[in-house]
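Note that subunit A is present in both complexes that follow, paired respectively with subunit B and with subunit C.
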Partner chain A sequence: MFHWLEKHPFFFAVGVFVTIAFAGLIEIVPNFAEASRPSIGTKPYTTLELAGRHVYIKNSCNACHSQLIRPFKAETDRYGDYSLSGEYAYDRPFLWGSKRTGPDLMRVGNYRTTDWHENHMRDPRSVVPGSIMPAYAWLFENSADVDTAYAEQVTVRDFFSVPYNQEIPMKDGSKETVVLADTLAGAQASALEEAKLVAADMKDKSVQDAVSAGQIPEIVALIAYMNSLK
Partner chain B sequence: MENRPLEYDYTVAKMFMLTTVLLGIVGMLVGVILAWQLAFPSVNTILGSGVAEYTNFSRLRPLHTDAVIFGFTLSGIWATWYYVGQRVLKVSMAESKVLMFLGKLHFWLYLVGVVAVVVSLLLGITTSKEYAEFEWPIDIAIVIVWVIWGLSLFGLIGMRREKSLYISIWYYIATFLGIAMLYLFNNMEIPTYFASGGIGAWWHSVSMYSGTNDALVQWWYGHNAVAFGFTVPIVAMIYYFLPKESGQAVFSYKLSLLSFWGLMFVYLWAGGHHLLFSTVPDWMQTMSSVFSVILILPSWGSAINMLLTMKGEWQQVASSPLIKFMVLASTFYMFSTLEGPIQAIKSVNAIAHFTDWIVGHVHDGTLGWVAFMIMAALFHMAPRVFKREIYSKSLMNTQFWIQTLGVVLYFTSMWIAGITQGMMWRAHDEFGNLAYSFIDTVTVLHPYYTIRAVGGTLYLIGMFLFAWNMYKTMTAGRRVEENELQNASPMAA
Partner chain C sequence: MNKLTLWGIIFAVLMLGLTWLSIGGSKGGLNDDIVNMLAVAGAIALVVISVFVVIKYVRQMQNDTATGKLADKNWDGIGEYKNELPAGWAFIFLGTMVWGMWYFLVGYPVNAYSQIGEYNQDTAAHNAKFEAKYANMDGTALVDMGEAVFLAECKVCHGLTADGIDGKAANLNQRLEAVVVKNVLVNGSNNKLLGFEFPMPTGTDLGLSASDIDEISAYIGNGLNGNEPAMFGVCAGCHGAQGEGLDGVGPQLNGFNNTLVTNILTYGKKGAIGTMPKFADRLNAKQIEAASAYVTSLSK
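Right after this comes the complex of A and B.
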């Protein structure tokens, strides 16, 4: 059979393809629907948070920081409850990372503050002596891309039925709604409102001036995103 | 006329040889910068704080991985394909104007893609998925380049005079099919600009999969991009170049059959070992762990087949630096394919995952196996495509030892760093509290990061020696006749 295949490239290629393809089918397909179902208490991102997530991705924060807490005592002691599949239901793409040069950030919103992030991003060694993380000064200069974040929200709502403007059950039995504006201008306005809340806790004068003038520096969006990680 | 040997046309092979050397240097230079940044964070602002955004670790890291995978390695794969393909199929590129055109188009479109990738990654335009960072416009360009290679690959096979496909061709076909399947499925994404009616950045897209599913598809891709980029085509190379250079017949046809079909069958199952203890289903984790261990069989099958090909001719390892490169590559392949399965065992993975041990594993595979084999292939090809003697044998030897030392420093330091960090993360004191804060587990790594940076720098120096040797071979090597090019490559002292 193998000798015959080696003289018939077409059938050889078909044979190779079948041999390599079915492992993927068997491993990926069976749990596909189940794995994308959200847990109770998991909300989709607001416009500003999503813009912050884009800042996180733009700077490849995931190259050094994971967002996956494994079910070990050492990990739950350090980072909080271990991760559940449903908590990632609105993560496109996933940001688990593959290397912890720095600590896990899955629940960083539980134990770090806006103020801490502000100092840390400007000069990591001012809050963590010995840190090898680079400073991210340009986040204070560049503006966040709210428009693209809004475009993504609209896309995931339309294509993947992400529940914006719908009641979402929370762990304590209450319901919350994540508002998605009807228009881009509406989304920009609501992102700015959210940005003002973050900037109020920040010390940097230029950031506060920018937000007062209707702009959203990348650092504000990034902190809004990190505060949402719980 | 009938008895005259075929004149092969190496135009396209030469083009890809050039990008192999250039992108190899670029990719490894970025890697060395990254290594020094981890040891000494001030290197992040090496060109001043004004451009720190473009020189800091996180922005450069995807550029390093993509430049060595899709720049250096892929160029090497194609350089050897446009050389080996013609020779084992007994047909010249010059016989078909269409194939020649496709070959050149393949190269130039690839080069455009490389430029687009470099620019977009420096600007921070990325999907964040490892080795699949490119946004949708570049993805489409990559698919087009891949299809052109496919046309060129199957076109040459369609014209062949040698009816039976040699082992190397099996592996090139598998490379083509495997990457095509993986790349397409992992990059399923929706451009948000079009989906939202023209809002925001036109290049931005959102993944069709979310969370756990996205992770699963990504590591099915990520692991098997390693399979079909770093293993399969490199095995194709060694099956051609080692027997050619040594003048020995492949040790066992049956072993090559077993290894090939075994590798095809087993590799794809193992992707889930990147997700052990994550939120992907438990049965899948166990399955990937088990298949990772089974993977030792087909991997060692190829490696042993190659080493036994040298049976009775081991003196060549001492006398020829070219054989040295290939035998060491094969040895590192065995080493790396034993290390990988060990790391995929769940209890080992609990310590190894997220640490530098994984980085060490990747690099003993890529530096020791992939890059050594690609450079050996180019050294073997150079006298045949340029009709000149290799410029300097002693330079080759020097390069070999500098780079071998570099790899050894790299993986040993990363082993120690990884296991140290993994153990410190999980250490508890007598009261059951965590024994170390996270930063303790970072500062302790400084000496190992420094050793690794030295190792990487040595390897890069070897790359410059390689480039110089290739350049001098091309321009100043003694001209050789066809009868000098039978087996062992001619090289000047």
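Right after this comes the complex of A and C.
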């Protein structure tokens, strides 16, 4: 057997590959499968949150803000519990970021509020003196793209079995369901309902008028996304 | 002097010349710069030693012939000398075996280390240290700590001077502003300020007219100074005659206290201005106590 392998370098190479690949399979795959399972309490994004996530990506927020809290005391003091891989199960793509020009936003929904984001996005220095973040005034005028968000929801449900309309276990033992509408019109309506809840906590009259008129400014979607980061 | 030495010297001079140029051309040059001087000394040593070592081995390759006792066996005409393993190598080899056993069995047994484990140890050590150092803190030291907590966690909404940044959050330099009182009297309130659900009825339910509400709001917003409105008795029933609060019935109106601030930080609140998130997960008990002491001190 070994003499034969020595005389046939191609099959020798195949044998080496199979041996090493087997070791890799039994060591890596089970761990990987376990770690990529959604954590308890991690929910898929609603239509409006996903539209907000698109706004986040479109404005390149991830270039300055990470979404990954490392297990160091100094970091968990500031940003909350360290991140688990399962918490990114529904993030496509993940937005870990690689540089913190601004603070981490992994759990920003726990310690910032709708009206704070509103003030901060319009004029960061009005709430954080010395901040170098630019103002994002156009978010108050542009409309969020709910249709694309809905398309992504349907896609991830069909291709990656993201559990929309299914019960999801939460940390306190309760179950929650993230509803995905059957039709685009239904998704638009449910996104608007969500937007109304966010807009109710906002001060900007034009945003509230727009939402009452059935439009969803980008800022509303973005805030819904920020508030969902917990 | 043969050709090899000559080339060696030419090479060494060339390298040292380049070193001289690059150091001399850099900022500061050699003048009193200890780091640059050390770098030059190191460069000279390296170049000279390398050149002489290379010359020695090139000579050896040119002139040496192999000597020693050959092993009996040879492999297709290729033989091997019988050399003893140098003692130093042998001891190092045995040493690595011993070290390897120590490493696997004692030093770092399988799965003995994890990032999260280290984090948990760090956190436990930090908490123990914090507890030991600050457990009995009070007075101005506690207020100072509270200010630090405030500047880390609270100032983004309440502002550096706790003035609420032009109405973006509550002004903590006074207990209650008239607009806040009015909002509570118009809408009622259920903010767990007592630590449990105990809703306050709206002003209308309490039998107050619109003008009563305005008068009472102005009076409380003014720190309960000035003429007491006729209908203030309705408030005093739960909040005390001077607005000093009654345990388990109504929170203090004429100032902050530890219980009140602790409850707000623990449960968050939603009021006239907006929502305040809870901070129970972000601050420990002592930090909350300190923040309470600081906020209380602001309006005194």
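A few comments on the model shown:
Here is the rule we go by: the second predicted complex is superposed on the first by the 197 of 230 C-alpha atoms of A that agree within 3 Å, B and C clash if a C-alpha of one lies under 4 Å from a C-alpha of the other, contacts with A are read in each partner's own complex, and residues count from 1 in each chain.
Note that in this section contacts are C-beta pairs under 8 Å (C-beta built on N, C-alpha and C of every residue); 3 or more make two chains touch, one makes a residue touch a chain.
It should be emphasised that the depicted structure is a prediction, and the values quoted were computed from it without experimental measurement.
Looking at the shared chain after the overlay, A:Val128 reaches both subunit B and subunit C. Once the two complexes are overlaid on the shared chain, A:Asn110 sits against subunit C while remaining clear of subunit B.
When the two structures are aligned on the shared chain, A:Thr148 is found in touch with subunit B, with no touch to subunit C.
Once the two complexes are overlaid on the shared chain, A:Gly173 sits clear of subunit B and of subunit C alike. Of the two partner chains placed around the shared chain by superposition, subunit C is the only one that A:Gly80 touches, whereas subunit B remains out of contact.
Subunit A has more of its residues touched by B than by the other of subunit B and subunit C.
When the shared chain is aligned, subunit B and subunit C each come close enough to touch A:Pro71.
Common to the subunit B and subunit C contact sets on subunit A are residues 71-73, 77, 128-129. Residues 2-3, 6-7, 9, 12-13, 16-17, 19-21, 23-24, 27-28, 30-32, 35-36, 57-64, 66, 68, 70-75, 77-78, 83-85, 87-103, 128-138, 145, 147-152, 154-156, 158-160, 184 of subunit A touch subunit B in their complex.
On the subunit B side of its complex with subunit A, the touching residues are 37-38, 41, 44-45, 49, 52-53, 56-59, 61-62, 124-130, 154, 157-158, 163-165, 170, 173-174, 177-178, 181, 185, 190, 192-193, 195-197, 199-201, 204, 206-207, 209-218, 220, 257, 261, 264-265, 267-269, 271-272, 274-275, 277-281, 284, 287-288, 350, 353-356, 358-359, 425-428, 433-434, 438-439, 442-443. Looking at the complex, you find that subunit A touches subunit C at residues 71-73, 76-77, 80, 82, 110-116, 119, 126-129, 201. Residue ranges of subunit C in contact with subunit A, taken from their complex: 115-116, 118-119, 122-123, 126, 153, 156-157, 160, 165, 168, 273-277, 279, 281-282.
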